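Chain IDs A, B and C follow the sequence of writing; residue 1 opens each chain.
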Amino acid sequence: MEAKTYVEDIDRSLYDFRNEDTDAYRLKEGLTEEIVLKISKEKNDPDWMRELRLKSLDIYNNMKVPDWGPSLDGLDIDHIATYVRKNAKLADNWDDVPAEVKDTFEKLGIPEAERKSLAGVGAQYDSELVYHNVREDVARSGVVYSDIESALRGEYADLIREKFMHLIPPEDHKFAALHGAVWSGGSFVYVPKDTVVSIPLQSYFRLNAKGAGQFEHTLIIVEDGAQLHFIEGCSAPKYNVANLHAGCVELYVGKGAGLRYSTIENWSKNMYNLNSKRALVEEGGRIEWVSGSFGSHISYLYPMSILKGDNSKMEFTGISFANNEQNLDTGAKVVHIGRNTSSYMNTKSISKGGGACTFRSSVIINKSAEGSRASVSCESLMLDSKSRSDTIPAMDIRTPHADIGHEAQIGKISDDAVFYLMSRGMSEEDARALIVSGFADNVSKELPLEYAIEMNNLIRLEMKGSIG
Amino acid sequence: MITVNKLPVRTFNRLNMNETTLDYEPGDYMTYDLTGSGRIDLDRAGDVRVGITLGDNDRATVIMNCAHTGTLNVKTCIELGRSSHLTLIQVDGSPKSGRLINSVDGNADDGAGLHLIQLFPARGDVYSDCLMELRGKESSFKADIAYLGIRDQRLDLNYVVNHRGRKTESSIAADGVLKDNAFKLFKGTIDFKTGASGAKGSENEKVLLMGEDIVNQSIPLILCTEEDVEGSHGAAIGSIDDDTLLYLESRGMDEEEAKKLITFGIFLRLLGFVEDEALKTHVTGMIGEAI
Amino acid sequence: MSEKFVEIKNLHVRVEDKEILHGIDLSIGRGETHVLMGPNGTGKSTLGYALIGSPKYEVTQGSIELDGRDITGEAVNERAKAGMFLSFQNPIEVPGVTLSSFIRSAIEQRTGKRIKLWEFKKKLKEVMELLKMDEEYAERDLNVGFSGGEKKKAEILQLLMLEPSFAILDETDSGLDVDAVRTVSAGINEYRKRCNGALLIITHSSRILESLRVDRTHVMIEGRIVRTGGASLVDEINREGYEQDTSLAGEVAP
């Protein structure tokens, strides 16, 4: 038998620091009509939004917790504060952000990244956005990037009413209903027809408060012929009670438009990440998902693409890394409706130190989707025998005029590869970390350089102390 | 009502793949017990329990031929002693009015192996379930399945292999053709349990879609709690691929003939294991009629 | 006997919006062996696939005639029935269908007649011996698990069994060891002797040509036949390569 040593506690101090949540406005824990109405009032909702919240609450109360994924027994909504706001106004100047919040984001490298390589940045702290800025030249081209709340009263108010929670209706599942009831914060992005935003926009979500929930809503509309890359980052310090993230991302990709949505998720390991993401793609449009899941205690995450228009395309590239205490149930869904649509999923997962990864997918090809192609490829790496890795891909094909390929593989790090690298002078730990980084390159090569480096650092961090 | 073909772990309920509920109540079971090679012909509706027990080092082939009308519910329990080997050939040649509810439960001791060959050229609905426990070290399971779904036929197939022993091996290969408005759901699970070090498992599915109103569902699972294993799954689903078609056409066949050839090929590959000429002729006859 | 059994006139071929062949003229008489040489990626295989009628290769101009019959618009299987044969570089695997039963049904497709089993078996055995193929391959599934060499031999086996009047052999010698090349050459010679067919051998090496009598040699560069000569051209190219032809291609380019 091979001897293995494990180091249980990994230094996550880069993300794990936390601020005392003094001088914060915090609604009491739990979920009641009273609380929902308070949030609605606090946010000065239009009437339709208040009604949507109440309807969602009703749906939430009448829906069952999913019976198919990782256990959610540790999550008790009666002990989650659904709304926590720092006593700060939304700023568009970094200097106006309160010192400790600014300190948090500076440690996470947010303003630095903005200066270097982003067209716009939004930063959310607990339930509200604290900073939002978009480069002048980008704004001048008609691109809107703002918080949802102000957009609800702005130029695109009617458009938002038409699209908000239409792709992911509250009836979709229990946590979509929860989101509908208590959502707060998030971003609205509008890219006008034929406008190409050549450098990415970014939102960063930070949940600092203990025992709280974050329910931000992201609504992106990319009009016909336009192009956008949107990056989302998330992190939180660790507490010994459950935190909850039930965000919602709705993406509308117009005719011939292109949207790339990248996520590096690094929630702390007490987080229940029950996030919903969905894209509707019109004729000739293209949605690309790049998704790295590293944090959270439990994740349910399956970005879904609806290929409605003919010749529309979807590409999903993902990686999950589950360590001790983590159960990451991730994957993707796609529905082919238009003719000659194509979807391509490529995922990797790594399980280590008792962590569990599940790849779960669903590919549905409707009878109308003649000439469609779908390809699913997933690879799983097991780093020890106390971890778990499951692959659960489903396919439902209803036209003979389609081509579907699927391949899945599971295995361990090749001893020969470790031996080869060690023969060139590398330590075993470094050799294993290098091999795992290489394994993850499907995602890292799709990310902008800064993020690829951050992701590799995360992998190194997680690989520390794994001597097999 | 009975529930069959359960997926070992559940997934999205909307897919309707987690289990199948059938309107059927089993009655009294007729039982057969075998300890060596044999043939069982089942040509009537009813409930049948078959026990196959092989002693250490035994080798046997059992043919089960179904030609029933109405619902036939067959449960087969297999116990394989050390280093024994069983080839179980199940053929469902029932007419349109037949419904087959089939289940195979197997247990393999050290070095034992089961080769399960299933041919479903049937006209009636087929629900087939299989749970194989590879308990013994170096025990193995191989499943080869061929099916042809026509008209409004339903084929619902579920295979679960639990790798428990060290160096256990499994392979599941399901090849089939769907025509008209036939429905097929294939579930396959390879489950590497802790302790199954050195185990290997693979699943392969090929489906040729030849009907405008077909429904083809597949859910191939790999579950794993052991590091030192190799698991893989591959699926190719669609109409006959362009390169194959070109090759066959370049030798003078038209598209219909090429499709027929490939459909026959799927069954002929497995009929090679059947030594009963009459049964072979029966199966090829059924396919010929259907296409 | 028709002087120009195979007549290819001004053939332009497009693959996915890109023209690969820019007007090929080629005629091959019955019993003649022509060699098509040229560097990799120059369109030689495209010509093979276009002649047999692969739907991926679109003929945009020009015509293909076989024995006086215009087959430019014909389906693949109709061309095969008319007597055309292409040996594939990568023959397809068909599980469950044995090599022997495949050849038998292909012959029946071509002739439209049932073939007597013992006659067929006798001929198959004889040809397999000639090709030094193990007899058990006849009962193995078509191309399944065959090595590269065995697949090539299985193609020549089909050539000899199907007896086409026009055969295109596409890189039949690539990936073969010396002995296998010799065996395949013997098979090709046997085909010429038996069928007096028109033969187009596509190759970028010349090993397979050593024991074959070549009537004409054509050099293809960038989708055009730039030079045509006798058998000696093969040796010349062996010595000097395609340098001269590459410059010629530059001159004829539009």
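We take it that a residue touches a chain if its C-beta (ideal position, glycine included) is under 8 Å from a C-beta of that chain, and two chains touch if they have at least 3 such contacts.
Worth saying up front: this structure is predicted, and the values here are computed from it rather than measured.
If you draw each protein chain as a dot and join the dots that touch, you get a simple line with two loose ends.
Here the two chains linked by the largest count of contacting C-beta pairs are A-B.
The geometric centre of subunit B is 41 Å away from that of subunit C, both derived from CA atoms.
Mean C-alpha position of subunit A lies 55 Å from that of subunit C. Contacts with at least two other chains are made by no residue of subunit C. In subunit A, no residue touches two or more other chains. Subunit A makes touch with subunit B in their complex at residues 67-68, 360, 362, 367, 380, 382-412.
Subunit B makes touch with subunit C in their complex at residues 175, 242-244, 246-254, 257, 261-262, 264-270.
Touching subunit B in their complex are the following residues of subunit C: 49, 52, 54-56, 75-77, 79-81, 84-86, 88, 90-92, 94-98, 102, 105-106, 109-110, 141, 158, 162.
Residue ranges on subunit B touching subunit A, taken from their complex, read 9-13, 15, 17-18, 178, 192, 194, 197, 209-239, 241.
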